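Every chain is named by a letter (A, B and C) in the order it is written, and numbering of its residues begins at 1.
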Amino acid sequence: MEALISILFHGLAYAMILYIVSVGLSVTMGLMGFVNLAHGVFAMAGGYVTVTLMNTYAVPFGLALLAAFIVMTLVSVVLERTLYARLYGASELEQVLFTIGLIFMSVAIVRFLWGPLPQAIHLPAALSGQLDLGFRSFPMYRSFLIAVGFVLIALLWFGVERTNFGAQLRAAVDNRRMAESIGIDTRRLFSLAFALGSGLAALGGGLGADILAIYPGYATEYLVYFLMVVAIGGLGSLRGPFVAALLLGFGDTACKYLVPELGAFFVFVAMIGLLLWRPAGLFGRV
Amino acid sequence: MSPVDALIRRHRLRAIELLPWVIAVAAYFAFADYLSLGSQILIMILFALSLDLVLGYAGIVTLGHSAFFGVGAYAAGIYAARVSGEPLSGLLVGAIAAAAVGWASGLVILRTQGLALLMLTLAVTALLAEAANKASFITGGADGLQGVDIDPIFGIFRFDLFGRTAYRYCLAVLFLAWLFARRLVYSPFGRSLVGIRENATRMHAVGSPVRRRLIAVYTISASLAGIAGALLAQTTQFVGLTVLGFQRSGEVVIMLVFGGIGRLYGAFVGASLYMIAQDQLAKLDPAFWYFWIGLLLVLLVMFARGGVLGLIDRLLRR
Amino acid sequence: MTPALETVGLHKRFGALIVANDIHFRLEAGARHALIGPNGAGKTTFINLITGRLPPSAGRIMLGGEDITALPQAARVRRGLGRTFQINTLFRGLSVLENVCLAVGEHAGIGGDMLRSIGSHRAVLEHAHSLLERLRIADHALTPVRELPYGNQRLVEIAIALGLQPTVLLLDEPAAGVPAAESAIILDVIEQLPRDIAVLIIEHDMELVFRFARRITVLVQGSVLVEGTPAEIAADARVREVYLGERQHG
């Protein structure tokens, strides 16, 4: 029972990070059909910016996260306008090659600037230690992650359901040509969605530094997880990746806890099985 | 000349196709001090050639081809360490193991396409990498597989310190593989793969058993990749976790794409250039090797989609 | 006599939307049959159901008396069902000859041959070439399809279907998108199709329909409105209403 609560708790925290990082990818892939394997780079960069601001410049945690969000959003706008935009009509292979090229370049830059070792995170005192809930205590930071995760998700889902931007986004994901014919500027929409998604990824990278270690291999090692969340969740969906992230988060945590000799092996098998059962994703719209 | 004759003529062996072999043999004598690099190049050519069948000809976009390379390497390595150091049977073991994994994974993942397929190829190689990491009692885990001692080939040709035997061994295997691959791509089967790539809908509508063909080429390609992996294990007498995973898959895709996909010889050009450049430049600045490769890749997609052979084609046409 | 192609109660629905409503249809051997109807009537859907691109919700499809409802596309093709697509579905990067060779080769059963060069299957190549000659596009044999004018591409589409030596040939708007100057040869080709092939043609061009068809089926909103000889259809008030009625309301 103790073990179950631990697994659920840590799995949930892990799922939150996976979701926050991956949701942007789901939307942009669903919206423009663009295979952006470099999405993890934004998360990685967000992590590096956050940690560096905190460690080297003594910026408070919250501000560092905010800075990472803003910086990466701007960077993604520049990248999207200058490079990505040229490849929207390109074949899948070309998009894959292009984004791999971006990954390689960013990994080299990151390794050059920060070295190959994982970055040390020094959590703010207020978020360290344990949170005592009476019947048992939980690591404070993970609790914080879960709480922040829920807040972000609520904001995101509320924003997409209630705002004009969100309505346009949903329309365009559902049927782009139809959306264009009623006057929605899907190109601009995509740029905004891409920027927002990348910013969220950066936020996820910074928030999740404790769970997904910030090191040059981040963008390649965790790529398969982000892609699994998106593919299993269903492209273009907001809720789908959340369910997928929960499955992956709980599954991976449970396996590593109960059968550490197998590690992530079992989760991979389960994820492959899920994708075969539902190739369009659990909530696939596209 | 009738069009039929013209078409048949196109598939006949042309003199220029012997160039790679002339170069390979010349290199044996001219670069006698670099034969171990030479063997690695030959192995990567074989690996890239196997990928070309799947990516260039059949049009299956995969980032998981390292799965078969790695399975072949570990199978041959474990075979040599635990069963017998005989190299040719080791190659066979590697080929069969990789073919089995190729067939099994092909059966399941070739039901999908696009992103789901790409993701599944990544998942398979990640899964195998994790398995190799955890099963350290057979694979050596993160430390790698040691004790891969290889006997002389045919009992006569001992693997020497200068890499001469290794080079000739790899060259012979590559040559045989090339003969087979060349036959395959110019056969009706090979042409049907091109048809599937160009327009799968049409292939279904002409009665072609598309899925069966794709699984067949995937399996064949996997076994060739497995042979390449086995050669690596045998010539370096070591197998590390890097034979699997995204990095290895990405690299072979890059090598092939640089040379030019779907042209059979893109693998030769791309793998050679990549390996030689890596050998020369990575020494100077390891971190930035990946930067320049990434940049070249981005530029290639923007301006030179056919790779080196594509550029040559364009120049010749002018 | 067994019809070359028959559908019995063929039905297809997407949720509440019925795109094929309990269609009973017979195509006799050697038939020259046209399927007409307003846009959105479900004509291409009907073809997709017959060829197997779309699974039916109910009903059966019989090819030469054999129930093919459960068979995948490729299997139906191998049993003699050929089709052309409304929009050219060709191997654009390959030459015209190679396009037709792929079809002829599959029909000849050599598509799976891995060990011999295609050159050693000379008979297949010659047969493909003779098809090109018959359709008068042999001059373009080695030209990549994407470089051909649209009308010629349409002919390649038909050549591929003929390369399958079908017993039943489904032509989906063969003259669609072809400029008038080039459509004459397509009409000629259709007229000269072998007598033993049962041909079903979807068309909007009434001149082509009345020139070519011996029987016409009118499809409206997924249901068969009426079927008969060209004279009967031309005289039928309901058909006029369906076509003219659109003009009155529009």
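The rule is short, and it goes like this: a residue touches a chain if its C-beta (ideal position, glycine included) is under 8 Å from a C-beta of that chain, and two chains touch if they have at least 3 such contacts.
Worth saying up front: this structure is predicted, and the values here are computed from it rather than measured.
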Return the chain whose centre of C-alpha atoms lies at maximal distance from the corresponding centre of subunit A. C
What chain lies closest to the overall centre, CA atoms only? B
Need the CA-centroid distance for the pair subunit A / subunit C, whole Å please. 48
Rounded Å distance between subunit A and subunit B, as computed from the means of their C-alpha atoms: 33
Return the distance between the CA-based centres of subunit B and subunit C, expressed in whole Å. 42
Interface with subunit C, subunit B side, in the complex: residues 2-4, 6-8, 11-12, 183-184, 186-192, 194-195, 198-199, 201-210, 212-213, 216
Residue ranges of subunit A in contact with subunit B within the complex: 29, 35, 83, 86-87, 90, 92-94, 96-98, 100-109, 111-112, 220-221, 223-224, 227-228, 231, 235, 261-265, 268-269, 271-272, 275-276, 279-280
Residues of subunit B touching subunit A in the complex: 55, 61, 63, 108-109, 111-112, 114-116, 118-120, 122-124, 126-127, 130-131, 133-134, 246-247, 250, 253-254, 257, 261, 287-291, 293-298, 300-302, 305
Residue positions on subunit C within touch of subunit B in the complex are 51, 53, 73-75, 77-78, 83, 85, 89-95, 97-98, 101-103, 105-107, 110-119, 121-122, 124-126, 129, 138, 141-142, 160, 163-164
